[in-house]
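Common to both upcoming complexes is chain A, partnered first by chain B, then by chain C.
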Partner chain A sequence: MSNPRVTGAIRYAQDVEFDGMLYASILRSPYPHARVLKVDASAVPKSVVVLTLDDIRELGSYGCQIKDQTVLAIERARFVGDPVAAVAAPTKREADEALDLIDVEYEPLPGVFDAVEAVAEGAPLVHEHHAISDNDAAYFGIRPQEGTNICHRFRIRHGNIDEGFEQADVVVEETYRTPSAQHVPMEPHASVARWVDDRLEVWTGTQTPFNLRMDLAGIFSIPESQIRVISPPMGGAFGAKTFVRTEAIAACLARKANRPVKIVLSRYEEWLTLNRHPATIQVKLGAQADGTLVAKRVVCWVDTGAYADCGPGVAQKMGYAAVGPYRIPHVWVDSHCIYTNLPPNGAYRGYGAMQAVWASERTMDLLAAKLGMDPLEIRLKNVLVDGDQFCTGEVMHDVHFIECLHDIAEKIGWAENKQGKGLCVLMKGMQTPSRASIVVEANEDGSYTVYCATAEMGQGAWLSIRKMAAELLGVEVEKVHYPEPDTDIIPYDTRTTSSRSTYMMGRALVEAVRDLKRKGEIGYGECVNTGGLDPDTGQGVASTHWHQGAAAAEVSVDEETGKFQVLKLHAAIYAGHVVNRPGAELQNEGSMIMGLGTTLFEQITFEEGQPTNANLSDYNIPAAGDLPESFTSELLEREGADVHGLGETALPPIPPAIGNALYSLGIHLTDLPLSAEAVLQAIDAREQAKGGRS
Partner chain B sequence: MNIHFKLNGTPTEVEAEADEMLLEVLRRELKLRSVRATCGIGICGACTVLVNGELISSCIFLAPLAEGCEITTVEGLGGDHPVQHAFEEEHAFQCGYCTPGMILTTKNFLEENPAPSDEEIKVALGGNLCRCGCYVKIIRAVKRAAREEHVQ
Partner chain C sequence: MSRTVPQWLAPNSLEEALTLRAQYGDEATVVAGGTFIGIVMNQKIMQPQTLLSLRNVSELAFIEAGQDEGSPLRIGAMTTHRAVERSSLIRQHWPVLASTFALVASPRVRNQATVGGVLADADYASDPPTLLQALNATVLARSEKGEREIPVEQLITGYYETSLRPDELLVEVRIPRNRERAVYRKFRSRSSEDRPCVAVAAARVDGKLRVVVGAVAEKPQYFPDICALADGETTGNAQMLAAEIGRRYAEAIDPLSDSRGSAEYRKRIIAVEVRRALEEMLS
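Up next is the complex of A and B:
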């Protein structure tokens, strides 16, 4: 038995150790918004290294899209959990005890905890200025609105929205809300930093080694070549392990201590580090009497918390994902990325697509009902096919929405009976523009080594890349070695996000193997996709490669209590060509289960900025018993087709499939998660509309 | 204080604080990396070990209580256990972080119930969370392990 996951021999970042290593703890603001007046660490014993404002004042600020963050909060703490000091000690216990000896004086300030309120006149400003980052994660035009809490405004202007609605025979309008959620990677954020002379070395579970290196270089004002980032396999990430998390504090402490320093966050601290963007989305959709879509207007309020992180990118993707995979001649979108005094929100499996698809696909069923049309028929009638133009102006290619819809309709038994059943179809973009590069080296013993930045977080990317390499090289997969990504020896890659690795690295790999065969010993290959959107018009190329899927659900509802059961859940994902079938199935099933949690119970609650369910007792994630009785998925393949990314496609369609199943019973819900209480209220509303509940 | 127990069959003595949890001692003093912290409150099962054959969340089990006990971790299964085989054959993991806890729970459960139904498996795994969501294949692995153990 060799699999280190089964023997327990796998080593994550939290397992990295060095002689003389110290353990860090972080002192965090208890206030959601406060001036930090004084930090007094004089009572801390000398054996403990303390990091306070004086140590970091001269360091650069950072942020992958907006440069709005400092290693510790300098003047103001902007969320409950904002780091104000940190310590490192020989044991974790000593470090925790030292935190109690640091005296911090705060002056509480008024805060704002809702994105819609944060853009109202007179709302407290979370940041005075919004400096656009020079990190290459700021890859698109960012439009901060100075003097407001809006750090990015993305627009789509396609056709003429007023004329569009004039042509509509039927118009529906609704507002939807999705709450914050926690990624809950089983392994918390963990990093170890050490300085070897003037070089910084960091072991950290990260999906973004090169973006992290760029930000660290900016913080310490040293060249990127003086920083080495190594990414061991992660115990789950789901978007949480991106950009700078614990690494900058670990590096500062390590420099001051002149010893290696390790940070492993507690479960509570995970809630204070990165969550999913809460969003409010308003949709207005118009169609002609025959069901042809003519106009769609979308406004998104995207709550990025106290620091932007990659929120501008999330808001942009949410903006176009909310249009959906449809031919609509007149589209108008405004998506705002907004600061509040909540913990930062960032990448979360789907990158804004879930929030958008919930709003968009629930609205499709409202429209179908108003038109008296079958929800499947209205989708089939309007869904994009090859050669159609999307609202960004790009012409669609390699799209398979109709096949996905046919599959889910068949599996849910749509033709037999539609009561208690719901459908959803979605499109999700892949990081565009981006670049992947890879090196393949032939070893003397007949094996090969691939040098590749793609991170392993459980998605199985290392095995997929090794399998593809083995096939191209004509050897067994065991003959292909994949060392941990180490920025000293791997070529550049944008990052391991947006389900891009198998597709992009796969293409780079073909080039690398071709180059190797030409040269004999070593080969280099890269894959570049170009495009991007104009932030003011939304015109351009949103994605060079589309993730496509659909889901169907069947529910049964106890009308007396509002409690409902998901009896059947099925998702169909367009996979093109599957590289590793068990891995692809696991990604599909895992996305669906995460989507089920988001639909049924996952929600971070806050009271005046304080998280009130930051533990796995009050915040539930799905267990084995939450699986519906019938739980299936399909990977649609086509002869000679391209590999398609599929790491997150099956998450966003789950909430609307279930929401639409409830709607088929007259239960209309706009806000996630779908609690029994909300269902009961919706049943009451339905009965009242009918003229009273008997 | 010094604590004595049998760890994966080997008599072991470790130093621990009186208020420390077994999880911390196993990781720090004995370098057992298969025992992992996630929730810290005995809910998720990532830190599961067997203490005298009982499933224990080591994150909330005081180390001194292990005095004189027999402790089993996944390292102690040796790699060739039918449950480990079944998990590998069924691809019942992604990141692998929860896998040791899942395997120990399965081993313990199958000793009590050698031919479980799907529903019984779901209940038995209620205290082991997998955020990657591998439950479909984990349930298959439990059933495969039941078959293989039966054959043995």
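Up next is the complex of A and C:
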């Protein structure tokens, strides 16, 4: 059967067409921080609909966790790219031309472009107040620090940190930095909005139709039931297509024009829409002489850019992910989500885990070296096993870190030789609390239809759910239909993020099919996971279901240039029970390739808040030629085990596995990406320390 | 500047193209494969009013070599990188040329990008100009008034600047037949599909060593006096000579900094890569 993604038959949001539809363009601030003094659109022809401050001043502000954003920047633009006006015209060209006719007067203000600087005394404030959102994505206790740029502070207090370090025979300390990155989905953000008798209808590639509906309802002060969000399949998302992106501007223009309006972002605008959080992470780790971990202190500075988006959630997950899958009696974590004048940062495959695992797992190797221990041994000695308590107080169950470690050690040939080789193990939480619900309906022709909010972004979720349904119903997968998610029809689901869908929706589906068998025509099922953490102590349930994995790398370094080859890369992911093997393998490979890009060269560069590589010529993403000769992954299964989410797990362990492989050669790097130039500097430092070459 | 779509001129013959070129001069931007102009237009670095496309000038897509010993290889300006890479004639007699064009970006780009385009763009970070200069190649520039042959060395004058006149079109590249070994080394600091951080081409033409370093300054860097160190040297101290020439090139060049590497880093890489190119050539 031909794949509609390959033949072009697939219909993305940008393919939605209506008669009389207009095309939108957005006028964006060229300044990273500026007062908007005047927006004069009087020169724009009457055939073009213009949205300016006066049109949106009365609308509600929005934000999935902090309500800090307005449809257009009111009074102040806070990043290069902040929308200050928008237009809709019969053609995209006319819309673009109209942008040139709008005269905006700015008064530039001092900006702040680094999270650590943004919390220093006297730093410019990006927002004066931090109003917590009523969106259900603000599900945990958010702790903004008024009068600062900190919009959330998450803490873990477990044991007694001072006592812990007193018990330590060896202590290592290091600071790590990871830069911003772009998701680069092949399909950019696109949405089409129209109003039908006071009802708003939006077609948009979104992973979060219900969160989007909540925020749109707040903006227009209408009930959620008056809004319909339809999510066609996407050409990649990776976290970028979450919450409100282009939809509010499209809806405002459509209302003013009284016609449907489409927005499709350019590649350049993708860099101004949502990126990955840059982070600075300080780690102090103590162990006894035999390698037993006793204390860990972590501070994270998480740069969320000009608007919080889901940054508070990312900072929180980064905070507990930085502890790692280890038994540590004394843990102290402070993680800060901080505003700067950079474009907003949000969900990015791994959701803070990559930054945290980089810092945590590099530190494990520093500790191993200081103790003179084998990096595998020190991990095996300390990883969580069933019945152990994590630093959040929750008791771990269904954990398989040891299996993952054994697999990667075997595949990389650890026992034979450790030179040029590195290991990493990680745990990653799943959205907790959350709720998934699904309806299964029997059709007259013997087929079934599932009504489900899980978004298809290329990850194969629809096929996995159809496969699970077909198995439960005892029919061929072709007999299970999956219409595109439409909030008028589908039951509630938290969102398609954090690798939760196959697991959560899969469980809801079991209930729905049971219900259907009982009732005959239609069945409903839901799955709820409960928990959460106290933001001030980090105690509670971080996750009801842990994503577990490990990776190993082998490198060869050109000592004269710093350029290195990744010869081997292997990841082992605990999958429990695989639903769709080809899909699961591709998820692993895709995660590993993204991890490789993050390791080797992905980095958004800014100069005083201006992005300087917002195109795919200056910003590199991995090409086929960048993959290692030996590039493999393992899905660990167990008889009778649960389905485990695996959409992101193989990304975060890649950078530390490679970083640790370099470290085995005496090349110590703390900042990503591991550019050839940085490697050469680290080689110089090693030689200098040896008293060798200067 | 207006965002209106530029006027598109698409002549069907070289004669017609030269007439339009004379008529429009610098008012029209010449487009060959469009891989360069497309990027700079998308980024709004350049917003030309008129584009003169050579796409339909099929007479400029050719690869020819005369039968006699002294005749050069002639490549038409509209020949794609992919065609150079795959030409059996080139693979047999100028293998370094085929392998160098094969290193440019990805097959999608190489199917589009042209030999004339990559020279006329004079982008400092392109691969082919460095090698072509080392091979002592020339280009043929034609106008309604006549034609002239320009060495690649004199064609590229600075960042995106050439010595082509506003009424001239670059129609052909001529590469002398070279029986000695030539080497091209592309040092990439990032992705395999990236542009070079440092490019080194080394060739012996008429008994003289020519080492050209690209992607490090506004135009390919060639120092005949440093290369002259190789004159009359026997292979006995070839290794020392290679290192010495590398060191001198690194000293002589004042490299730029960009996303692929800092000036300081490039200086070190130049020394290493020039040495390696010469070692490879002599091996």
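Criterion: the second predicted complex is superposed on the first by the 691 of 694 C-alpha atoms of A that agree within 3 Å, B and C clash if a C-alpha of one lies under 4 Å from a C-alpha of the other, contacts with A are read in each partner's own complex, and residues count from 1 in each chain.
By our rule, a residue touches a chain if its C-beta (ideal position, glycine included) is under 8 Å from a C-beta of that chain, and two chains touch if they have at least 3 such contacts.
Only a predicted model underlies this, so the values are computations on that prediction, with no experimental measurement involved.
S.K.: Could you look at A:E97 and tell me whether it touches chain B, chain C, both or neither (first, second, both, neither)?
M.R.: second
S.K.: On the A-aligned overlay, A:Q167 touches which partner chain: chain B = first, chain C = second, or both, or neither?
M.R.: In the superposition, A:Q167 touches no partner, neither chain B nor chain C.
S.K.: Using the touch definition from the top, say if A:S61 reaches chain B (first), chain C (second), both or neither.
M.R.: neither
S.K.: Taking the superposition as given, does A:Q389 touch the first partner, chain B, the second, chain C, both, or neither?
M.R.: Neither chain B nor chain C is touched by A:Q389.
S.K.: Scan A:Q145 for contacts with chain B and chain C and give back first, second, both or neither.
M.R.: Neither: A:Q145 stays clear of chain B and chain C.
S.K.: One more residue to check, A:Q282. First (chain B), second (chain C), both or neither?
M.R.: neither
S.K.: With both complexes overlaid on chain A, does A:G458 touch chain B (first), chain C (second), both or neither?
M.R.: After superposing on A, A:G458 lies in contact with chain B but is clear of chain C.
S.K.: Name the chain, either chain B or chain C, that contacts more residues of chain A.
M.R.: Touching more of chain A: B.
S.K.: Contact-wise, after the overlay, does A:T449 reach chain B, chain C, both or neither (first, second, both, neither)?
M.R.: It touches nothing on chain B or chain C.
S.K.: Could you look at A:I10 and tell me whether it touches chain B, chain C, both or neither (first, second, both, neither)?
M.R.: First partner only, chain B.
S.K.: Chain A residues touched by both chain B and chain C?
M.R.: 93, 266-267, 615, 617, 621-623, 625
S.K.: What does chain A use to touch chain C in their complex?
M.R.: Where chain A meets chain C, its residues are 93, 96-97, 99-100, 266-268, 560-561, 563, 600-601, 605, 612-613, 615, 617-618, 620-623, 625-626, 675-677, 680.
S.K.: In the complex, go through chain C and note every residue touching chain A.
M.R.: 1-5, 39, 42-43, 106, 187-194, 197, 259, 261-262, 265, 268-269, 272-273
S.K.: What residues on chain A touch chain B, complex-wise?
M.R.: Residues 1-12, 14-15, 93, 183-188, 233-236, 238, 266-267, 457-460, 582-583, 585-587, 589-594, 615-617, 621-625, 627, 631.
S.K.: Which residues, counting only chain B, touch chain A once they are in their complex?
M.R.: Residues in contact with chain A: 17, 32-34, 36-41, 43-44, 46, 73-75, 79-80, 84-85, 87-88, 91, 93-100, 103, 121-123, 125-126, 128-139.
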